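Alright, structures below, take your time with them.
In the two complexes below, chain A is the common chain; its partner is chain B in one and chain C in the other.
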Partner chain A sequence: MMRLITRHVPLAVTLLACAFLLIPIIQSILAGLTVNYFRGLSSGLTLKWIVQVWELYSDSIFLSIWLALTCLAATLVIGVPAAYVLARNPGRITRVLEEFISLPLAIPGLALALALLQLYGTVQGFRTSWTFILVGHVLYTLPFMVRSVLSVLAAIDLRTLEEGAASLGAGPARRFVDVVVPNAMPGILAGALTVVTLSIGEFNLTWMLHTPYLKTLPVGLADSYASMRLEVASAYTLVFFVMIVPLLMAMQWASARAQRIMQ
Partner chain B sequence: MTQRHFISLCLLPLAIFTLAFLAIPLGRLILASGESEAGWGIYLQILQTPRYLSTLGQTVVVSLAVTVAALAISTTAGLYLVRNHFPGRNVLLSILTLPLAFPGVVVGFMIILLGGRQGLVNQLLPGYWVFAYSIIGLFLGYLYFSIPRVLLTVMAAAEKIDPALEEAARTLGASPWRIVTDVLLPALAPALIAAGAIAFATAMGAFGTAFTLATDIDVLPMVIYTEFTLSANIAMASALSVVLGLVTWAMLLIARSFSGGAVAAGG
Partner chain C sequence: MTLTLTNIAKTFPGGTKALLPTDLEIAKGEILSLLGPSGCGKSTLLRIIAGLETPDPGASIVFDGDDVTHQSVESRKIGMVFQSYALFPNMSVRSNIGYGLKMQKLPKAEIAARVDEVIGLCQLAPYADRAVTALSGGQKQRVALARAMAPRPRVLLLDEPLSALDAALRNHLRDELALLLRQFGITAIFVTHDQDEAMAIADRVAVMSQGQVAQIGTPEALYRNPATGFVARFVGDAMPLEGRIERAHMHLPGGVLTLPQAGDGQQVLVRAEDISIDPQGPITGRVETVTFLGTHYRIALSGVMAGPLFMLHAGLSAPKPGDEVRLSIPPEALLVLPMEMAA
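Showing the complex of A and B:
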């Protein structure tokens, strides 16, 4: 009896949780590929919904990829040097600074978007351009880049490495490029994959910041859930899965690798 | 270039970006909440208006229920997966972490596929079973994105528990149930508090899922959204955002003080 509870109940809970998460994913894959979802698979398989999604929403897919890449560039330029300074000078001030730039992890995207809209909503050229959405994405993903790089840099003896390079005559910029960045690479890679994955899936900020002419993939998804037939919405979701799942797996692999290197 | 100059140069992009797009906008948001006729009394008004009060109550109740359910499910599954290695284990683990990258709207759509008008449950069971747009659907949606986040925190902590503790308890004659309550759960307590705080904060602020499912339900993010877009009640939308932000921020501070890492919040 006891053995039954300690062994089989946890297994059952695990399997039920998996079923709860996986069944709707399978449903959406099937629905996106069947002629008529309500009649079931017997109505036949088709790619016409995928084609229709491509015709209707390919712009949103390209916009999301473009935003993810520019967001990555911005978080690299802002985040990597900042993480270096934070790692180099551990102390109270840097701790507060790290806490402050991590606020977008804690404050819901909706609130951040309202804040941005109230300050910049009337700046015409900016409000209606894609860079306004980019600002939201950088705001949300930057803490992930900083923390990922910071945790790797904090685990190595940065000071000794830099002193070695300095005694050989390398200046601060040279040390940053030739010593700090190569050592931080596992963290930069993990951070970069996290930034791209999160940027492509970002909805909460983007919904408030987007304009009718600038729809990202998740904004387009919300649009299709509200106004398209279930098959089209499912096919669009399927396209999203095909993009996001490999990214998620690469991100988990890179994060695990960075952790291994730190130990 | 001296070391000091280089350090300043390194911080410059961050300083400009954070000031322009985080510090000043947040300051503006707080000021905007006091710009209605009520002034700063608007925060008192939240507590005096039944609609806002019931919204706050409802959001807290749903978030608490999700937190408890996610902790129960993910701790059970997480402990099982840490302690048992069997073929297919990694597949189960992958499935359980898959929703981490799903935006809230996609999670909402998953619940519609389960409990909507054309949903699985309505097709399989006789009678009319549509729960996607009710509070149950919202609960399930929040649970959907909470399970993976809690699971990862619990598993990371469970892997660090010394197996010798459990063996010692067993040789001293403790029953499996007592091992769980007296050895494993106390060892996991900090991780459970941290994971619970993250789950609660994420559920409180979840906009995407609520946007897809809560067309008739008043939860805080939806009320903020409608106050801002439909009623153009900027001050109230700002005040409610400040309240929401303070609650989620406090929860994540609790989480951070109990365990180092933080898992992305973004339902």
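Showing the complex of A and C:
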């Protein structure tokens, strides 16, 4: 009897937790596909809500993708060299710098957005431009890129590899391209997927920074729930899902791979 | 290429004097070994020659009349083999070996030809297209050597290139390396803390101690005429005798030895292979342990002096532990050397 309880209770709890997480998602997806949610599935299935989402919000989808890609480019250009410098000069100063770069992680997106608004809110062309949101996204995602690349670089004997390349006649730029970047690749890949996923899904900060003409995917989602039929909003959720889930899975795979390198 | 080093010293930030002012001249095609215990500054000296470390002001490093003191590593045209090999894990064996040639911007066809040549010399043909991560330690070592040699460097610098290998492989590769370096005919500097390795590979050995070159010479000269007790102990494992010296005699608890010269105020050292069992010998000792080593026995003796004394015995049989034996040491085998400061 006791054995039965100890074996089955944890299983039941796990299944319940899964159901607790999954049922709202399934329900939401179904809602986006039914003709009339209040009459239930008996009203029939349709794709018209998805088409409507596309008509109303395709700009948001494209803006989000564009933001994610430019944000990725910015974090690559800033983050990879930054991680390299940190990895090559281990010491107290670099540790402080690393913490400094990670600071945005500890600050709520809302506060970060307010700070940005206070600083740059009055700069006319900038405040209303997509680059304003980009700055927020870069601030928020940069630590993830730096940390991911840094952890891979810290696991290899970068200094000796570079000394080897230098002894063969490679200058600093060649060493960075031929030795540092290829060996940091698992970390760069994991970092890149994290940055794209976070940028596409970011809401707090973006909601504060957005303008009526610049709505990202999650901001549009909130907007659709606030002002559209439930079916449209649910269809929107479905679209969001289709975009973010493959990214999440790729991210899992890439960070598992980076982890393997580090062992 | 002749290498002339003048006044090379290194003080690390924090004040560690890793290297005291050192002068060294290495002839064209010569293989010099830097030999010494851990922390004596061998790597520091080698890395200064490579350009990986900056010497204290006043130093001068000249490669065949070309003053490279202020040149960067990448412009010095050196070859370097690291203890950890530092092979690029993102490249194949072939790309690793060709990397230096690629940096010289040679035509692709010439790179391929020269890589193949070095691959042949180093007997790497079966592994040429493998990833370097899929090689054994010995194979990696050869790739590291091939990679350093392919661009035809002016001087080859090797920092303990064999120490990451297990003992059997190390001995085998040691002889192979000695042969390869002579085939290449290159000027080379070889860092090691293993005296057998230094003796087997080098034309001349510089024995280093505490940031200084204690003595430099051919392996034979160092063995026969060590300049200091440190060199005698490090090259050929000489043991200091603990006794009282009176002119040309040394009084030990086990008897009196005749020295080759008066040795008052000096120290006397002896090597295990110079002690022999001799019924007419002037000193007595007690056999403590006997170890069979194939070609000879190694015997630990007590009673000769306060501490144990070791000898090598090459007969077909050895005395038993507990036996009293009489021993002799030819006077010319005793090394009478100045006392050293306690280290």
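Keep this in mind: the second predicted complex is superposed on the first by the 259 of 263 C-alpha atoms of A that agree within 3 Å, B and C clash if a C-alpha of one lies under 4 Å from a C-alpha of the other, contacts with A are read in each partner's own complex, and residues count from 1 in each chain.
We take it that a contact is a pair of C-beta atoms (placed from the backbone, for glycine too) under 8 Å apart; a residue touches a chain by one contact, two chains touch by 3 or more.
All of these numbers come straight from a predicted model, not from anything done at the bench.
A.B. asks: Is A:A106 contacted by the first partner chain B, the second partner chain C, both or neither?
C.D. replies: first
A.B. asks: Chain A residues in contact: does chain B have more, or chain C?
C.D. replies: Tallying touched residues of chain A, the top partner is B.
A.B. asks: Let me test your reading of the model: by the given contact rule, A:G171 touches which partner, first (chain B), second (chain C), both or neither?
C.D. replies: In the superposition, A:G171 touches chain B and chain C alike.
A.B. asks: Name the contact category of A:G44: first (chain B only), second (chain C only), both, or neither.
C.D. replies: In the superposed model, A:G44 contacts neither chain B nor chain C.
A.B. asks: Applying the document's definition of touch, where does A:T237 land relative to chain B and chain C: first, second, both, or neither?
C.D. replies: first
A.B. asks: Is A:V77 contacted by the first partner chain B, the second partner chain C, both or neither?
C.D. replies: first
A.B. asks: Identify the partner contact of A:F20: answer first if only chain B is touched, second if only chain C is, both if each is, neither if none is.
C.D. replies: first
A.B. asks: With both complexes overlaid on chain A, does A:P90 touch chain B (first), chain C (second), both or neither?
C.D. replies: After superposing on A, A:P90 lies clear of both chain B and chain C.
A.B. asks: For chain A, which residues lie in the overlap of the chain B contacts and the chain C contacts?
C.D. replies: Touching chain B and chain C on chain A: residues 171.
A.B. asks: Considering only the defined contacts, which chain B positions touch chain A in the complex?
C.D. replies: Going through chain B, the ones touching chain A are 1-3, 5-7, 9-11, 13-14, 17-18, 21-26, 28-29, 32, 73-74, 76-77, 79-81, 92, 94-106, 108-114, 118, 120, 140, 143-144, 147-148, 175-177, 180, 201, 204-208, 211-212, 221, 224-225, 228, 234, 237-238, 241-242, 244-245, 248-249, 251-253, 262, 264-266.
A.B. asks: Of all residues in chain C, which touch chain A in the complex?
C.D. replies: 50, 52, 72-75, 77-80, 82, 84, 86-90, 99-100, 103-104, 147-148, 151, 157
A.B. asks: Taking the complex as given, what residues does chain A use to touch chain B?
C.D. replies: 2-3, 5-6, 9-11, 13-15, 17-18, 20-25, 27-28, 31, 37-38, 77-79, 81-82, 84-85, 88-89, 100-112, 114-116, 118-120, 135, 138-140, 142, 144, 171-173, 176, 197-198, 201-204, 207, 218, 221-222, 225, 230, 233-234, 237, 240, 244-245, 247-249, 251-252
A.B. asks: Residues of chain A touching chain C in their complex?
C.D. replies: Listed in rising order, the residues of chain A that touch chain C are 156-157, 160-161, 163-171, 174, 178-179, 182-183, 185.
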